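Each structure below appears as structure tokens.
Look for chain A in each of the two complexes below; its partner is chain B in the first and chain C in the second.
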Partner chain A sequence: MRATKLHADAFSGCNPIVNFMYFAFVLGITIFFLHPVLLGISFVSGMVYSIYLNGGKAVKFNLAFLLPLMVAAAVINPAFNHQGVTILTYVRMNPITLESILYGIAAAVMIGSVILWFSCYNAVMTSDKFLYLFGRIIPALSLIISMALRFVPRYKAQIKRITNAQRGIGRDVSSGNVIVRIRSGLSILSILVTWALENAIETADSMKSRGYGLKGRTAYSNFRFDFRDRILVVAMLLFFAGIIASIALHRLSVLYFPAFVINVPDGFVLVAYAEYLIICTLPLMLDIREDLIWRTLRLKIVSSGNKSSNGADV
Partner chain B sequence: MALYEIKNLKFKYPESETFALDGIDLSVDNGEFLVLCGKSGCGKSTLLRHLKTVLTPHGKRIGEILFSGKPLAEADLRTQTSRIGFVLQNPDNQIVTDKVWHELAFGLESLGIGDAVIRLRVAEMASFFGIQGWYHKSVFELSGGQKQLLNLAAVMTMQPEVLILDEPTSQLDPIAASDFLATIKKINTEIGTTVILSEHRLEEVLREADNVVVMGDGKIIAKDAPAHIGHKLKALKDPMLYAMPTPMRTFLALEESIGESCPVTVREGRDYLARYAGAEGMATEVGYKTNGAGSCHPQRSSDPSPVAVKDVWFRYEKNGEDILRGLTLDVRCGEMFCVVGGNGTGKTTALGVLSGLFKPYRGKVSVLGVDTTKVGSAALFEKGLGVLPQDPQTLFTRSSIRDDLLDMVSHGRHAPSERGFTASPAEVLPEIAELTEITTLLDQHPYDVSGGEQQRAALAKVLLTNPKLLLMDEPTKGMDSFFKRKLAGILRKLRDGGMTVLIVSHDLEFCAQYADRCALFFDGNIVTENAPRAFFSGNSFYTTAANRMSRHIFEEAITAEDVIERCRQAKQR
Partner chain C sequence: MQTSETKVTGQKRTIVAAVMILFCIPLTIAIGILFLNDRSYYPISLMIILFATLPFAMVFESRKPQARELVIIAVLVAIAVAGRTAFFMVPQVKPVIAIVIIAGVSLGAESGFIVGALTGFVSNFIFGQGPWTPWQMFAFGIIGFLAGLLFSKGILSGKTLPLSIFGGLAAFMIYGLLLDTAAVMMFTSTWTKASILSTYMLGVPFNLIHGASTILFLLILSRPMTEKLTRIKKKYGLVEERNDS
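Let's look at the complex of A and B:
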């Protein structure tokens, strides 16, 4: 069995393009459109997904950090923002309005959702996926990063080797006065550079020998863009377009100041809500589907295992 | 049809007087397995590098190289990249990226191949080489042998017609080396890829070859099948004979006939010896008078043991695995003590403990009468400890060998006078340079000389500290048999001068021939130790080729010289 999990969840196993698109859509709508219903959907699904991904750690984080932050954000807005027509009370001559309270809550939920979604983003978008996405745009960059990731630890290991070797002939870097130490430190650095350049010649030979420098270099990655990815991209694009269309047609709208006005929930709008709910809970749906499949598979395995062990007993 | 056709190739490096390649005529057939051997610096690498244009060194060149019937230079870069695979010596330097999968794909990316095809080719190679288990790993997690296998696989993904390997196993331990060579053979026989390989360690590779080319001074001395190359070398009285596998050397020393084919493998050697013994009516239990090679050096029992290790336990991290498990070791004054054993058994860690780099958490380590758990490595050095690390390059800090050595003599905190040198630095330096045979190299940059020469320059540097106890980690790594003999000669001289030498090595043949005592390291401690003759004849698998070949006839014959001598003795009787 593997010591480390390959994927955080089923959704992480999708192509990074799908992952990135998903987060771009959800975060975009969450940040730029403070619609209470959409925010609510975003917040709840972000919360559930982050707990699904990070487990107990996420629950602790949400209670200890996220909740106080959101409360603070919700309180601060009405304390400083006095716009709005529905005045509830006065605090030291300053009006507290219903609109600014609502806006504060909306902003707090927005901030909370963004943080939740970013915690999911971190779990899903590992560095190699990020590298892959940028390798699509600039192939040379992904190679350079990959080479840097190879060389830095190599140099560190070599410094250690040189230090130990020098110690064996009485050149201990960690002893003597400052000047002696600097002297031996510098000589180690100088020989490291010589070593690096010398070895780079062979690395360059190895690269040239494998055709580096030929025109039309591609950037290979292990990520496949399969049928499921295609379906997910198309579905997300459709739903996203649907939501954007309803916003553009003012069917989905919200106004906080001067007075709180929200769209009527007609059929068109309900469809938009549903679309957003599907987008937000997409990873969860994938995960739950996969979990269910695993469970039934395991049940089958267990029952067949029992059968065979019974058979062996007989 | 010949794949490569080299016609009268001459090559001179810039600013060099002599030809590095001097009239090479060679043809390599499709599907051939060709082994190229010769002393270090005979032009093997230069010749191999001429077989792929991007790697060809600059210089003056006459002659012609044809690849598939056309001049090699006319084949464009793309064609050469995919059709000619090249694996270099150092496993680490050839790896470009940080992940195994990325390394495998590198060549195909260069060729501009799409994801789907790369995926297929990479999958094929990973399956063929059995590396799917580490496909997602970082390259740092791999061992040296795995790295070289990865380099090979990364070249094979481009499906080359010919695979050229320049001393690919010189940096590997014997087990990894034979795995690697087995893979090469598999590629040759199962895929039909032509293989051109240069190598020092001929015991393993020669039996796989179709043809052997022996080079010397930029010329081809001999070319023939492995079973017949020996006769040619013998007729020419060429010193490369000494580098041939033990069965072959034994045969050639005992037989005068020319026509018969030479035994190459241990099995053939055994059969041959059995036949020989039968023909000569040799008694199988011929006693052996210990003399010369491998004899125990008179022990100077008056001095205390320079290395006394008792029940030492060591691990790198508190919760880590124990690397040394109750290690007990006693090295006597003025002996050459060899520790052999597989990779990852803790040999190098043991050296680190002896040189004061690591502190054991249990047990006693006394080096030159000092308890290493109490003092630092500086104090040990003060007492006369010298350490030659595995990689000699880590010792050099200056831009010429002379400066490096002078630095040791003059600028150090430990001037030689403190350490018992009576002569002045000006006299000591040439003396040591003479001893290590680097006098002609003194003005070169330490990185410009060959591996074997670097090793000797590093040894000179360590010797200038006038050590009483010399610890060496794999001193014969990457050396040809001639350098090994030179090194052994130097070490003998030092030992006779009273120096104690502790060597950690994989090189069984070297230890069998030159050690005073040998010890087998396994699982963090020493399993058995004895004089080489008793040590190696006591083992059945972990022993020299000469012993495996002759153990059914002789007891305690552990080198080719032993076997030859005893056969001659038996014949005379």
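Let's look at the complex of A and C:
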């Protein structure tokens, strides 16, 4: 899938408000409602989107980490939970019930979906987007987060410089016995911490002299909220409200204990399923739309032949 | 002057915390029982953890901290994050709790919580955010807060050995217990004694390694780190800086 990609993930290019709202809705519904159909929709679309975003890495991760975790969750529930009226068998005097097995599978799919969606979240919601969103609500904490994220690579680079300087005066970490090595390693860390703290004061004073904390200062951001974002936000809110309404009206209900009962799939409920499917597959639909646009543009470029650069400014 | 200010922020936090404990948390549980048939332990526990973290964040923001204080906190968060990434191949060996405790003791309970919670959050930009993030944030944060509180009340001494013992216990009891509880909430539908006990038992070896490594890190780090922080505070008058705001 990755190899044939024509463009960057379209959903990642939306405004961070759209990204965050999307993940909040999908994760919220996945965690709060253990409804089999909703979980199935969430799991499958989370899986497809994570593979779309992360390629082969996602497939490997899903097989090596996600699958065992889900199997464990599915097995743990019937082993400890003996509620339910349909007793299938007895294991060491403890009843194994159909209901607890069903619940175990639902819980496993829930956990799997949450982890899949978080792997998508990690790819889409980069730290700059988070800071853009929360910079105004929690300015001081956001500033600490952004500085700490910057400091980590900076300290790594500084460690290299300190190590080289220490080697210059004969304190090489790669020579001598273990105790000598540990000692010179620790002294490098000690130098780093002192440097970091001194440097921090300098940074802070520089910030202060440039007016940090004064009134009327604005923050730079590289994101715009355009027409597409507006449409996406309105659509998501509408569909989300539709799902919440069906849950509040007890049309989307499920009961695992004492007996497994699920709502009748009438027209009303099917609409709610469709709404959830649309929400969950929103990023994929955006990507498919972008794919089509790119293909037609390419065709146009090819068909326009040697008409020089006309195709480029479409 | 400083004591009166800490009293005010303390009172504010108490009010916010009281609203959370008396109103938001029972409301969450009630909604859970009414609409989720009392079986969704995980989302409810997640909300409670978020509500428990909010008062600290709100008080910190409303205090409008000075640039110097912010940058020092950011440095400690970055050191803890870098420390966690440095030991990423060794499971459960992480210096985070050690640094959070040092932060709590030298900068105060409030900053201890912020350093802990933000370390949990920022390091997961590297390790991956997940449903465990709020739990880690709260566990690291509350350890830093407790260290600072016990130190300021004179119960915990700032010497290396008591700090190391406190760190080992905190890693084993507070962090271990909270994250094992998160696992129970996520994996099982009912709270049976057997499922809780078996999860805690499975967690014991991991928590033991975490506790032991925290003791080791504190034995090595606590004295030099505290000295450096005290020095910087004295040299640049960080304590006074906070007063004139």
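Everything below uses one rule, namely that the second predicted complex is superposed on the first by the 216 of 314 C-alpha atoms of A that agree within 3 Å, B and C clash if a C-alpha of one lies under 4 Å from a C-alpha of the other, contacts with A are read in each partner's own complex, and residues count from 1 in each chain.
In this text, a residue touches a chain if its C-beta (ideal position, glycine included) is under 8 Å from a C-beta of that chain, and two chains touch if they have at least 3 such contacts.
Just so it is clear, the model here is predicted, and its values are computed rather than measured.
Judged by the touch definition given at the top, the superposed model places A:Thr194 against both chain B and chain C.
Legend: residue contacts after superposition of the two complexes on their common chain; A:Lys208 is shown touching both chain B and chain C. In the superposition on chain A, A:Gly176 makes contact with chain B only, not with chain C. Looking at the shared chain after the overlay, A:Leu143 reaches both chain B and chain C.
With both structures placed on the common chain, the touch criterion links A:Thr86 to neither chain B nor chain C. Contacts of A:Thr281 after superposition: neither chain B nor chain C is touched. Across the superposed pair, chain B and chain C both touch chain A at residues 143, 147, 149, 190, 194, 198, 203, 205, 207-208, 212-213.
Residue ranges of chain C in contact with chain A, taken from their complex: 35-37, 39-40, 42-43, 46, 57, 60-61, 64-68, 70-75, 77-79, 81-82, 85, 114, 118, 121-122, 125-126, 128-131, 186-190, 192, 194-195, 198, 220, 224-225, 228-229, 232, 236. Contacts from chain B toward chain A in the complex involve residues 52, 54-55, 77-78, 81-82, 86, 88-90, 92-99, 101-102, 105-115, 118-119, 122, 136, 139-140, 151, 154-155, 158, 352, 355-357, 376-378, 381-382, 385-389, 391, 393-397, 408, 412-414, 447, 461-462, 465, 471. By the touch criterion stated above, chain A contacts chain B in their complex at residues 6, 128, 143, 146-147, 149-150, 153-154, 158, 161-162, 164-172, 175-176, 180, 187-188, 190-191, 194-195, 198-199, 202-203, 205-222, 224. By the touch criterion stated above, chain A contacts chain C in their complex at residues 31-34, 72-73, 76-77, 80-81, 83, 100, 103-104, 107, 111, 114-115, 118-119, 121-122, 127, 138-141, 143-145, 147-149, 151-152, 155-156, 186, 190, 193-194, 196-198, 200-201, 203-205, 207-208, 212-213, 247, 255-257.
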